[in-house]
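Here chain A shows up in two complexes: once beside chain B, once beside chain C.
Presenting the complex of A and B:
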């Protein structure tokens, strides 16, 4: 699992790739919380994520709630079918805002 | 009862870096059976969740513990058997939770129950701690 963070306008973008399971989800959690420490809205780009388990989902939920506490927005980008399937199984597909692009996410926050 | 055919077996220490190869064993076995993509993805996920639970809860971080994963076919059913040598699990503590309460954690058990048709702790062979059998009807 790889992660990279960069800023783009008013957003911090955390790009994750690979498979997210219980072995790597602590690093995802760390990266999500560190991303929010930048003080901007956080977009988590999952377009490169081919697999996620409940511990990975839990890291995203924690990020979502942490963002809310800081009055920041938290959204997912590029959710692939396999990841969407897990979000649907856990009924979180209706909880996370999801977008196909940074532009769409930024427009939604205006 | 239908005859049981073992399709794959993977023995590994209770370490989280073994989760990915365990997933590959299940994926390869199901691909060889000709199962569809979503069926494979969901079954792999359920097995991964159950295996994570063994590592996390049954062995509670003891990386020297052994886990045995077996992929079996029993008639028209797929059976995944997970064997560990940890102390017997208290079944009353394993419960899925209310998903309307949005919070991290506790999702794994729900996922397993959503995907698999049947979950059963069966009598372990001598020396073993817990044997979990997860059954799912094979795709036609």
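Presenting the complex of A and C:
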């Protein structure tokens, strides 16, 4: 699992790739919380993530909650089918804002 | 009837022989379950289905034959190896098997504590996600003694799936449940499989549930596989033992009058 954070305008983008399971989800959790420490809206790019388990989902949920506490927005980008079905099963597909691109996410925040 | 493996088999049992002491219960069981399949194992009392389940779960040693889980041979009695395999398996036992001294939430978190080093926040959210899935949201601080039978089953299911296992086993999931709760549990089993593609093995004698949820059914009789087939194939079987099961006909005892007399009159020394 690879993770990389960079800033793009008013957004911080955390790009994750590979498979997220309970071995690596602590790193995801750290990266999400650290990403929010930058003080900007956080976009988590999951276009490179083929599989996520519930520990990974839980890390995203915690991140979302943390963002709300800091009055920052939190959204997912590029959610693939495999990840979407897990989000649907956990009914989080209605909770996380999801977009196909940074532009779409930014437009939604205006 | 044996099924050819499609190369996709996640459970492979070959010529399994198992029993208790001198008593052989399983006489050479061969079956395989494909990834994402819901396989129901049925059979009357004494057919060996519980022994089969226990062998698959590593709860008992086998006398002969082999078990492969997720492509790897399963060796009973090697703690580290068994622990690794068990991390990918979830089991919902018949009575729930929740620890009475812990809350529902703590029970569900146990496999997380045993197999992972996840943060408390993460574990709490995961627990609640699973409770929501089994319709037990808000019940995490209750003790098992405060739950109804159906709720205990659902809590046990939540614990069984907390690690998102690749293999999920149910031992008599409907036992003790009213028909509506049983039907709800069936729906839940189907939902979990459809969303997570987990392979599910259900040992049950509840015909209605079996016919509703099974992709394939393996019928055991007296320690042997009578048949493995789709619901349709099972229904159309001309094996009288299978038809008896489908029609809830009691077994006919083979009555050998001389044997019977001997059993009644032999003196023990």
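The rule is simple: the second predicted complex is superposed on the first by the 110 of 110 C-alpha atoms of A that agree within 3 Å, B and C clash if a C-alpha of one lies under 4 Å from a C-alpha of the other, contacts with A are read in each partner's own complex, and residues count from 1 in each chain.
The rule is simple: a residue touches a chain if its C-beta (ideal position, glycine included) is under 8 Å from a C-beta of that chain, and two chains touch if they have at least 3 such contacts.
Here the structure is a predicted model, which means the values were calculated and not measured.
Undergrad: Mind checking chain B and chain C on superposed chain A, clash or fit?
TA: clash
Undergrad: After superposition on the shared chain, which partner residues are touched by A:62: those of chain B (first), chain C (second), both, or neither?
TA: A:62 contacts both chain B and chain C.
Undergrad: Per the contact definition in the header, classify A:19: touching chain B only (first), chain C only (second), both, or neither.
TA: So A:19 only meets chain B here.
Undergrad: Looking at the overlay, what does A:108 touch: chain B (first), chain C (second), both, or neither?
TA: So A:108 meets neither chain B nor chain C here.
Undergrad: Going by the contact rule set out at the top, does A:90 touch chain B (first), chain C (second), both, or neither?
TA: both
Undergrad: May I ask you to decide whether A:54 touches chain B, chain C, both, or neither, giving the answer as first, second, both or neither?
TA: Touch status of A:54: both partners.
Undergrad: Jot down the residues of chain A that show up as touching in both complexes, chain B in one and chain C in the other.
TA: 21-22, 53-55, 57-59, 61-62, 85-86, 89-92
Undergrad: For chain A, which residues are in contact with chain B within the complex?
TA: Spelled out, the residues of chain A in touch with chain B are 19, 21-23, 51, 53-55, 57-59, 61-62, 64-65, 82, 85-86, 89-92, 95.
Undergrad: So in the complex, which bits of chain B are touching chain A?
TA: 16-17, 19-20, 23, 38, 41-42, 45, 48-49, 52, 55-56, 99-100, 102-105, 107-108, 110-111, 114-115
Undergrad: Which residues of chain C touch chain A in their complex?
TA: By the definition above, chain C touches chain A via 112, 115-119, 121-123, 125-126, 129-130, 132-133, 162-164, 191-192, 195-196.
Undergrad: Where on chain A does chain C make contact in their complex?
TA: 21-22, 25-26, 29, 53-55, 57-59, 61-62, 85-86, 88-92
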